[in-house]
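Each of the two complexes below includes subunit A, the first together with subunit B, the second together with subunit C.
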Partner chain A sequence: MAKRKYTKSQLREAGQGYVFLSPTILTLLVFLIGPIIFALFLAFTRVQLLGDTSFTFVGFDNFTRMVDDTRALIALRNTAFYVVVVVPVQTILALVLAATLNAGLKGEKFFRIIYFLPTLTSSAVLVMIFMWMYRPDGFINSILGGVGLPTYNWINDPNIALISIMIMNIWATAPFFMVIYLAALQDIPDSLYEAADLDGANAVQKFWHVTVPLLRPVTGFAVIMGIIGTFQLFDQSYMFSGGSGGPDNSTLTVVLLIYQYAFAAYDQMGYAASLAVALAIVILAATLIQRKLQKDEEVY
Partner chain B sequence: MKKANWLKVLGMGSLVTVAGVLTACGDGGNDAGGDGEEEVTIRLTGWQSSPTEQRYFEETIAAFEDEYPHINVQVDTIADQYMDVLRTRLIGGEAADVFFLDAFEAPGLIQSGVLEPLDDYITDEFDIEDFQEPLIDAFRRDDQLWGLPKDTSTLALFYNEDHLEEAGYDGPPETWEELEEMAETLTEGNRYGFGVVTDLARLKFIAESGGGQIVEDNRASFSDPSVLEALQPIVDMRNEKEIAASPADVGAEWGGDMFGTERASMIIEGNWMLEFMEDTFPDVNYGVAEIPTINGEQGSMAYTVSYSMNSASEHKDEAWQLIEFLTGKEGMEIWTSSGLALPSRESVAEELDYVDDELYAPFIEAASYATVWADDTNLPIINSNFENQFSSAFLGNRSLQEALEEAERVANNEIQD
Partner chain C sequence: MKSQMNIAKLLLYAILTSYAIVTLIPFIWALSASFKPLNEILAGGLNFIPQEFTFNNYITIFTEQALFPRWLFNSVFVAVIGTALNLVFNSMAGYALARLTFPGKKTLFITILAVLMIPAQVTMIPNFLILKELGWLNSYQGLIIPGMVNATFIFMMRQFFVNFPREVEEAAAIDGLGRFGTFFRIVMPMAKPALAAQAIFVFMSFWNNFMAPLIIMTDASMYTLPVGLNAFQSDYATYWNYIMAASMVFTLPVLVIYIFFNRFFLRGLSFRGDK
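So, the complex of A and B:
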């Protein structure tokens, strides 16, 4: 078939379309694509920004440096541990909360509001409230001590500090996914539950064999968003440790490390950019693996 | 006609975008020349930690504006992460004409060439000889002067007089051994005999008391046996003898908090504590003494901050007039009369009679033998790695040797040259 010819008016119409798109395209180029390309460029250079700005191409030096960088490895380990714990816990908690809210109990609306409140708090405020409660003589230790449980130095014990952040973050984000689950739960047709009733299924069986499988697409969404969100953990550990990632590197996350190299150290912007690129690759890989796993057990 | 519309749309579209980009890049460059008596605005960036400090600082600036009516000073306070913000502004070309610069961070900025050397501005009348030598040396590099010390602070020992009296002591400890002994007696219940702040900025003189150096050739050398030996007693006081604790151990924000709430009977802190104690804990009966001697030698830390000039400033002469006033005898006297910081000029220290004040004298004395908290360009990296690892040894998670060897390795790995 011959190459399709455009008439003059078709060309003009297409041209007009692109003209109308041009502000958006330019904005995307300047603020989205441009920075990504620039970050990639930085990742392969040694940059001096202060004073006489200079860019020296160093090839893969920034990436090979990561292998020997103890703090980068610690940051990656902390972040991975954080993701592995927080994502499943917050997803399951969200599902359970949503299921209990959907059961048609009294005061459902009231509890829905109460459960959702943590999500409305800005993370900075949240961290400050929790840091207050985590003090050695604070609210949480008073309660634990009051019922005879051991108390912890939540903020300053390197073995506990990251767990403190996990608890705080799960508490804050689970309700967000709960709302999404709640919407999905309302979409499950009653007829399926009636059919299960007729088959003699009890409540647990109905939840396990009807609700959970039908919620799988939402679960996929919650897990992927959870993975992305938790890999990017920054503000909480930044505030928690005053920007240092301490005590003893225990709250150092990859993004916090990137911040430290980029803004708190001299002339390490290139290395920071390479860490950011590496983190993007890790997140991409984790997301793809999750999607792959999800697809294999798709039910419909 | 249609074609014309087409072009118009294109033109408008790109115009909007270009205008947007231009506005984003625009800077407020609306000043003319700036010599003689023209109205000039000078921007000054610094930090203020308390309302009292703010008040004295404003007073000092007001005195300057009275003397130079054509210069307006616009003070701009950075509340948190001062160096990160300052560096970012310097890179973006948005930094103030004059800014505070901690001696600890100075070498890095000097090396990158964003500061204006001050030697050519200094006149004989300014009397530079009057400054205490170690303080001004912290801002000297490549035979040039890159800032003038606005003031100084030193460390001394704070002790709770009531606690000491109860335990039957009639005065503060004079040697480090005495301090340990007293700390043991003073520890009871949830009160510790000695409060320790685990920053390298405070521990450096102790770490180096055995003859070792924390930094050698701009690289960390924590694992020097004499450094380990000098720091071990601090760790032991917490973990073996259980007579010392850090502010975090008792839920205090900082040393002042720990001492003020009487959770520690003795603590090494700076002169900024005096004003804090008066404001927040006026009922605590305390005294100040020089830090106990280690192996018969006196030691302390001194901190200093300069006024430095941005080499990209468009009003360098006026910026200098500001620095000259603030670090001159008149300006420094107004500023340091607050007692929040000590004068870096000897003549002003004499003028203000600090030497005769029982509470201030130990700090003034310390200035003559204190180690200035400043080194070379890599001190910030070395410092943050020390802090990270030392705290793990201090908390008893691993041995001091292991922790500091790790800190040294990581720090030197991060140092790139």
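So, the complex of A and C:
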């Protein structure tokens, strides 16, 4: 192996490169890569936080414990239900809104600005507004009752509480994916629609046979981002339930459970870390499977 | 044929308008409540225009809720410093990855991309323990320093600098500027559109972040607005007039930024969508 000799200017450039990257390297090492390794270590330990922090190696105990942990299973079921409902609904809603906005109507910009507002607004503010509108005698029940529809105890009924969060989040997130769809729609050449016109396709057929297939890569992106986001549901269920995941564990999500074990108990941090590692594996697996499926049916 | 077109158009407008109403109503309803006295809110009714218009809710949260101005300050401070650090550090990293040659560059770039995929929950617990060891719990640096670089925007800045005209830098070098002078005085000012898009997203993620301050800040005077608002809500559960006024104060800065930087926003988003 020949030893490479660096010229003076090459050495200087390398030095400059490291100087430019030093804040990044430092932060990555201390607050990202270090913690990832640390998390893997924690997942196999029992952490005692009272007094001096101590770590005891426990092997796979934390992972085997999950199987018998009723609350973990409830949290997993709630989260899975949430993902399975929210991701398709928000993606389809985003696509329909984007296609409607892209039909060449006047005022497109105006609608786009309005639609985007909930995406900008902090989850804390949205939760406050919705908790207030969801009160038993609040805005939403007044409207529903006014037109003769059934009213609900949106926050305190265990059968409804998670659905209340779903409605709020679909409302808040769909416009974000709408904007992404909109950008992609504007890249579809008009000639494709003109060709479909010549074949006698109507508007619905054009949407189904031209627009939807061409948007498949964007849909893949929206689904991955949607899955990653929904699996991590925390802020809303924390605030809705005052941190408890209630009523009756109905809004308990995996991340909320991790938070509870890690920061509300004094000796469960290791178990919380093992749950976090398990969640990360699930999210990464979902992402990889989605990517694989997408590659297999790539249209281009 | 023509009338059919018109019906279709009408239908599309009906869809767009009804969804716009669905989007706007919660905000208008909250805004309206922030100007109503509590008894009017509790009396119920669906009037959007307050019968008794008052600024008292705003005055009260700023004067009688001793911590509210502090939470506002904490949020502004953390978001502004955090954004400034991100702009400088992400750009420096992106520039080095796009332009400079040095050993280990490829490994670093792949590492940064891989880090993009790791969910924050994994690092949340170890980071808490690290911050505890550093004595940074309940401090501004505990919230700012771990978030002072962002892999997504390092990647975005790298893409920007790859397409940046080399001639500009060569001209600057001929004029006698060194690498750092060229970067800070020539390259950065020309990167304004990319920096603007980045600034908006980074600012918003600091401003809206709930989980990190919830974990790191133990003292109520160190809360940022999201955590403060949540604490406020559980303490004053029935004072919806104050909660709505506080929510509106919280939303205003983001709204102003959005209106001013709307075009950068969409550009920034389609940047992400293109991936």
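Note that the second predicted complex is superposed on the first by the 277 of 300 C-alpha atoms of A that agree within 3 Å, B and C clash if a C-alpha of one lies under 4 Å from a C-alpha of the other, contacts with A are read in each partner's own complex, and residues count from 1 in each chain.
Throughout what follows, a residue touches a chain if its C-beta (ideal position, glycine included) is under 8 Å from a C-beta of that chain, and two chains touch if they have at least 3 such contacts.
Being a predicted model, the structure only gives us computed values, none of them experimental.
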If touched residues of subunit A are counted for subunit B and for subunit C, the larger one: C
Partner chain in contact with A:P23 - subunit B first, subunit C second, else both or neither: both
First, second, both or neither for A:T56, with subunit B first and subunit C second: neither
Touched partner set for A:N249, first subunit B, second subunit C, both or neither: first
Subunit B versus subunit C as contact partner of A:T64, first or second or both or neither: neither
First (subunit B), second (subunit C), both or neither touched by A:A265: first
First (subunit B), second (subunit C), both or neither touched by A:D137: both
Subunit B versus subunit C as contact partner of A:N202, first or second or both or neither: neither
First, second, both or neither for A:P158, with subunit B first and subunit C second: first
Subunit C-contacting residues of subunit A that also contact subunit B: 15-16, 20, 23, 27, 30, 137, 263
Subunit A-facing residues of subunit C, complex: 8-9, 12-13, 15-16, 19-20, 22-24, 26-27, 29-30, 33, 44, 46, 85, 89-90, 92-93, 95-97, 100-103, 105, 108, 111-112, 115, 117-130, 132, 145-146, 148-149, 154, 179-180, 183, 204, 207-208, 210-211, 214-215, 225-227, 229-230, 233-234, 240, 243-244, 247, 250-251, 254-255, 258, 262, 265-266, 269-270, 272-275
Parts of subunit A lying in touch with subunit C, wherever the complex brings them together: 10, 13-18, 20-21, 23-25, 27-28, 30-36, 38-39, 42, 53, 96-97, 100-101, 103, 105, 107, 111-118, 120-133, 137, 139, 142-143, 146, 171, 175-176, 179-180, 183-184, 203, 218, 221, 228, 231-232, 234-235, 238-239, 242, 255, 258-259, 262-263, 269, 272-273, 276-277, 279-280, 283-284, 287
List of subunit B residues in touch with subunit A within their complex: 2, 6, 9-10, 13-14, 16-17, 21, 81, 83-84, 87-88, 90-91, 108-109, 112-114, 246, 248-251, 377, 380-381, 384, 387-389, 391-392, 395, 397, 406, 409-410, 413-414, 416
Residues on subunit A engaged by subunit B in the complex (per definition of touch): 12, 15-16, 19-20, 22-23, 26-27, 30, 48-52, 68-71, 135-138, 153, 155-159, 243-249, 263-268
